[in-house]
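Look for chain A in each of the two complexes below; its partner is chain B in the first and chain C in the second.
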Partner chain A sequence: MAHFDENARPFSHKWLNERLAVDTLKRVLSTEYWIPKNINFLWAMGMVLAATFGLLLISGIFLLMYYQPNTQLAFDSVNYTIMSEVGYGWLWRHIHGVGASVVFLIIYIHMFTGIYYGSYKRGRELIWLSGMLLFVLFSAEAFSGYMLPWGQMSYWAGMVITNLFSMGGLHLNGLVEWIRGDYVPGQAFLNRFFMLHVLLVPLAIIGVIVLHFGTLRIPHVNNQDGEEIDFEEAAELYKAGKVKESKVIPFNPVFLSKDVFVMGVYFVIFFYLVFYHFEFAMDPVNFDPANPLKTPTHIYPEWYFLWSYEVLRPFSTNVGLIAFAFAQVIFFLLPFLDRSPNVAPASRRGLFKYWFWALLIDMIILTFMGKLPPEGIWSTIGLVAALTFFGLWIALPIITSKEKKL
Partner chain B sequence: MANNNGRRDFMGKALGGFTALGGLGALYAMKRTWDPLPSVKAAGFTTLNMKEYKEGQLVTEKWRGKPIFVLKQSPATVEKLKKEKPGDLKRLIKVGDAHYTVCVGLCTHLGCIPGFRPEEQDFLCACHGGMYDITAQVTKAPPPRGLDIPPFRIDGEKLVLGEEGPEYKKMLEDGITMPV
Partner chain C sequence: MKELKILGVVVVFTLILYWGVEPFAHSQMHKHVEGHDFKYPDLPALKVKGNAENGKALVAACVGCHSIKSQGMAAPMDAVTSAQTYGVNPPDLSNMGALLDEKFFAHFLLDPAKVTKSKHFAMPPSAGSEQDAADIVAYFKSIAPKEISPKEAYETACGRCHANRYDHWTQIGEVPKTKSNIKTGVDLDALAFKKKVGMYENKLADYMGKLPPDLSIIIRARSEQFLETFVENPQSQLPGTAMPRVGLTKEGYEKVKAYLEKTGDPSKPKREKVGPWVIGYFVLFAFLAFLWKKSIWKGHH
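Coming up: the complex of A and B.
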């Protein structure tokens, strides 16, 4: 049995240390978790995401106190009770709405930072894969949450997205009805998506966030030059007081203070949006209550899903579904499709540099086209951009295997 | 020791087996919990009185929460179809002396409600631009097929949606519509 000092005061440092090893925990998790010095503000996006998730959780808890998961009551519980009766209810709703939109912007920045600097390469594959899993879970969370106000966009997005599971030509209507618990989205549908949104998916997200942090521990974060750092040696140097010579800094308090600065800037912008421009996260069509007998003129998803929606749209049902499925999974395969051993910023990687910017621009074009009605020139541009998307992914293994070793 | 290991293996396998069995049972229970409720399934019938409809005017009824388009065709339209599109004529349901377009008003692409255009006498889906003719047969992609015809049984001048009569079964056999 371990040794417990009988004279230690309850809850004193020593007392806690003997029972919980708080010193060891603190050392392992923060003061001796080493981060390279050679990084920029883009490396703060992880903590920005964690903080945004925290805000979504807190605002969600307060919304949950008044929200009614009932097809007759849901719309008014959000638009009347929470918005005009509950004290500061509007604040939670606007934080939740803006947070849900902005979290995707930060996720995309976080992802493209990883792609640009090659932070998914050998040793770091699991960081990328768990991150992609988080992207999928956040998408599920966003979609299920979008159902809850039970407005026209909620209802029709629910109809269209669940219809995707009939798998086009396979006509799996039974599967669609099983997912909905009804022939059309109704009470059973709203209730189960409510459950998914407030319990199952957040639980999974929290679990995968822990996994995501865990996958980071051994390979460590990448740096601006993709340099392979001997972390043990650099840590010894730092601990010996040679802070300037060492290539690393401890996560806490040094890296975290930089993170907190970036978060400070971020939250100024975030709360500016919450207080003055929340409407960008609120579709006007969703302020009409759900009506199963009337489709809105244009159905489009929130901005962060537009690129994958546009990949689906220009094709016939079956081809569209295959294209859509391809777009959903292809990012998972990035560590295996990139055949080059170079861990370096895209700017030093020859053709990959052009690939990176082409992918980014193509996805921005797809996003814009997804919002425009599918007519005339927009249809054509959308089709070309969708084909370019596939072309780029097919080209990736070829151009990266020809890349010169740095 | 070898003997002991054998016992341990057996215990491990027995435990694993029973756990797997219990797990499968639990999965089945979960699957059944997500199924549509019996009350939802039982409410799946709608009876339409076909005498009430007027020629050329689209009426939207409701069956299983889905919009149902009912459009009584004029004899002139039927004659025109006989000449130009005899295939599409099979999509119409004959109750008494009149022919009707009766179909689920959800686009076969992704489930939006197509709008009826009285002047053009066709349906246009605003979501992705799909088009259907007067019998709700598809004329422009992306929809893969015409609007689905709900299961029906002809009962004198009435039409019972949700029950499968001989006329509906024949339509299924001929591939005119899909099960919904």
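Coming up: the complex of A and C.
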């Protein structure tokens, strides 16, 4: 039975401590949550992501007050009501649109940082897996949100992506209709994607973010050299005042002060994009209202889906779908396909170094080709890049099992 | 410094990525059409000078179909009846002299279908000779107002085929203010107007092959370059389109564009006003955060 002091003033420190253990919470979650000192600004991407998610959430709440999930009204509720009648509606929309695009850039930087420094191994597998789960959830969130303005790209992207569920040669048209709630995207379709976008997927994202933080706790954050640190010993050193000798820093305020600075720089760039350079995040085609009778000349997803779209596109329907499914799950398997025991930056890992840069460049090429019309030389380059993508993943266990132990 | 090197790598890859999916991809997806600055080089220069006085007499033939409201000449028929007769409502001519290129205008009067490059243009050839055409153009220039608003330019050049619902504009004019019956909520006048617009649109769609799109937000749906070259010569961007070449001058087009920006991108002036403050705030924020970081990290390295 816990002890409660009857004389403690309500909401005083003691009163709260007895009921919430605020001192312990603060210690465990912030002032004695130890982070390695040997890190660079890439380690701030997690907090940058959290901040961007916060911006998306807040701007989304404001947009939700005026958005109408109705096929007749949706387009004008976004493009007229929010953009010209609601005070600062345009600002919330631009923050939301730019945020949705930029959040993926940061996710990719965050992911490739993890790959480069081997931060998915030796106890950190669950960090990687929960992070990949977040990637999938953010993708679902981005796609469902893209449906809402009910423009031409919303409609036709919705048509193309839901069609994937017919599973090519399996002709599961019943499944596609079940997902759409209709034969073609319509009111039922818009309503359910609205629900997914504003309720179910964000709930799941928030849950998995908590899990993602949780998975960090025991293995701790990796560092620039992949060095295995005795965190308890280093923490004692730090607490004894030997901050220079200690290899760790507390999350609050030391790590946080650097995070906040990186976030400040990030927000300068972010709001520059919001005010002066938002076109990249708001496709012109989606400013034409949805028209089921008119297919746009070029249908392409937003830039962050282009690489997986291009993995699907060069092949025949069934092969393409299998390739696409492969691309969707393969990153989950990274901790198990990398057979090397080394946790170190890619630059010190022999062949893995080349593997890393080859993967990055290949995915950028896939991204380029995913947007270009699939004609002539572009489809050839796309095909080669897609095959390279598979080749790289097949090669990964082989080259990493031959890697010398550092 | 190592961190700056890493930042450099991240920035370079990000910029390459941006270049590939934006400028490069768009340059490959859309064919490039060279504009001619609304000079209509395919039409020969006029060999004669127009006389406004002679033109005034010739214009008597125009008002059989058109109105010239600034000169007190009303339209012979209302918009819907006109559309039922011709397929589209003939424009009011008051502002034509101010908006149309002189050379284009004269050649248009001689052979409208050929000059507009529209297969079935309703207007018949309306000038007997180049001199007559030049005289009529001179007359319209003499009555043209000095200053034309962007909205007037849109109404004359685009507004009889293209609605603009974000500015309450229909092809037969402004949506009128009406009142609904307080007991039933029924607004008969609004319904009557809607019916008129519907009748007009049906006729217009028959005439053009499809209903020309509402242009409320076209300024964000098409690139600046596309809009400019398309208006200058629709066939150059969409071969076979029913949209006629309208023959605007560069200034006339700028007016139309200003109107489209107003209805389709009204936040532009606000963005330019608020932007520097928000960005300035975060520059200051980042600077203070840097000082904080420096003070906290003192002694750590």
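Keep this in mind: the second predicted complex is superposed on the first by the 406 of 406 C-alpha atoms of A that agree within 3 Å, B and C clash if a C-alpha of one lies under 4 Å from a C-alpha of the other, contacts with A are read in each partner's own complex, and residues count from 1 in each chain.
The rule is simple: a contact is a pair of C-beta atoms (placed from the backbone, for glycine too) under 8 Å apart; a residue touches a chain by one contact, two chains touch by 3 or more.
Source: prediction; values computed, not measured.
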- Task: In the overlay, answer first, second, both or neither for which of chain B and chain C A:His298 touches.
- Result: both
- Message: If we overlay the two complexes on their shared chain A, which of chain B and chain C does A:Trp156 touch? Say first, second, both or neither.
- Response: first
Contacts for A:Thr317 in the overlay, against chain B (first) and chain C (second): which applies, first, second, both or neither?
first
- Query: So, does A:Pro374 touch the first partner chain B, the second partner chain C, both, or neither?
  - Reply: first
Could you say whether A:Leu105 touches chain B, chain C, both of them, or neither, answering first, second, both or neither?
second
Practice prompt. Please work out whether A:Gly264 is in contact with chain B alone, chain C alone, both, or neither, and reply first, second, both or neither.
Written response: second
Counting only touches as set out at the top, which of chain B and chain C does A:Glu32 meet: first, second, both, neither? neither
Looking at A:Asp225 after the superposition, I want to know if it touches chain B, chain C, both of them or none. Which is it: first, second, both, neither?
neither
Chosen between chain B and chain C, the partner touching more chain A residues is C
Once the structures are superposed on A, label A:Glu18 by its partner contacts, choosing first (chain B), second (chain C), both or neither.
neither
Chain A residues where the chain B and chain C footprints coincide 297-298
Interface with chain A, chain C side, in the complex: residues 2-3, 6-7, 10, 13-14, 16-18, 20-22, 24-25, 28-29, 165-166, 213, 216-218, 220-223, 264, 266-267, 270-272, 274-275, 278-279, 282-283, 285-290, 292-293, 296-297, 299-301
The chain A residues in contact with chain B across the complex are 156, 159-160, 163-164, 168-169, 171, 173, 177-184, 186, 188, 192, 292-295, 297-299, 313, 315-318, 320, 374-375
The answer for chain A against chain C in the complex is residues 37, 40-42, 76, 79-80, 83-84, 90-91, 94, 105, 109, 243-244, 249, 253-254, 257-258, 260-261, 263-265, 267-268, 271-272, 274-276, 279-280, 282, 284-285, 287-288, 297-298, 303, 306, 360, 364, 367-368, 371-373, 378
The residues of chain B that touch chain A in their complex are 31, 34-37, 40, 44, 60, 62, 64-67, 106, 108-113, 126-129, 141-144, 178-180
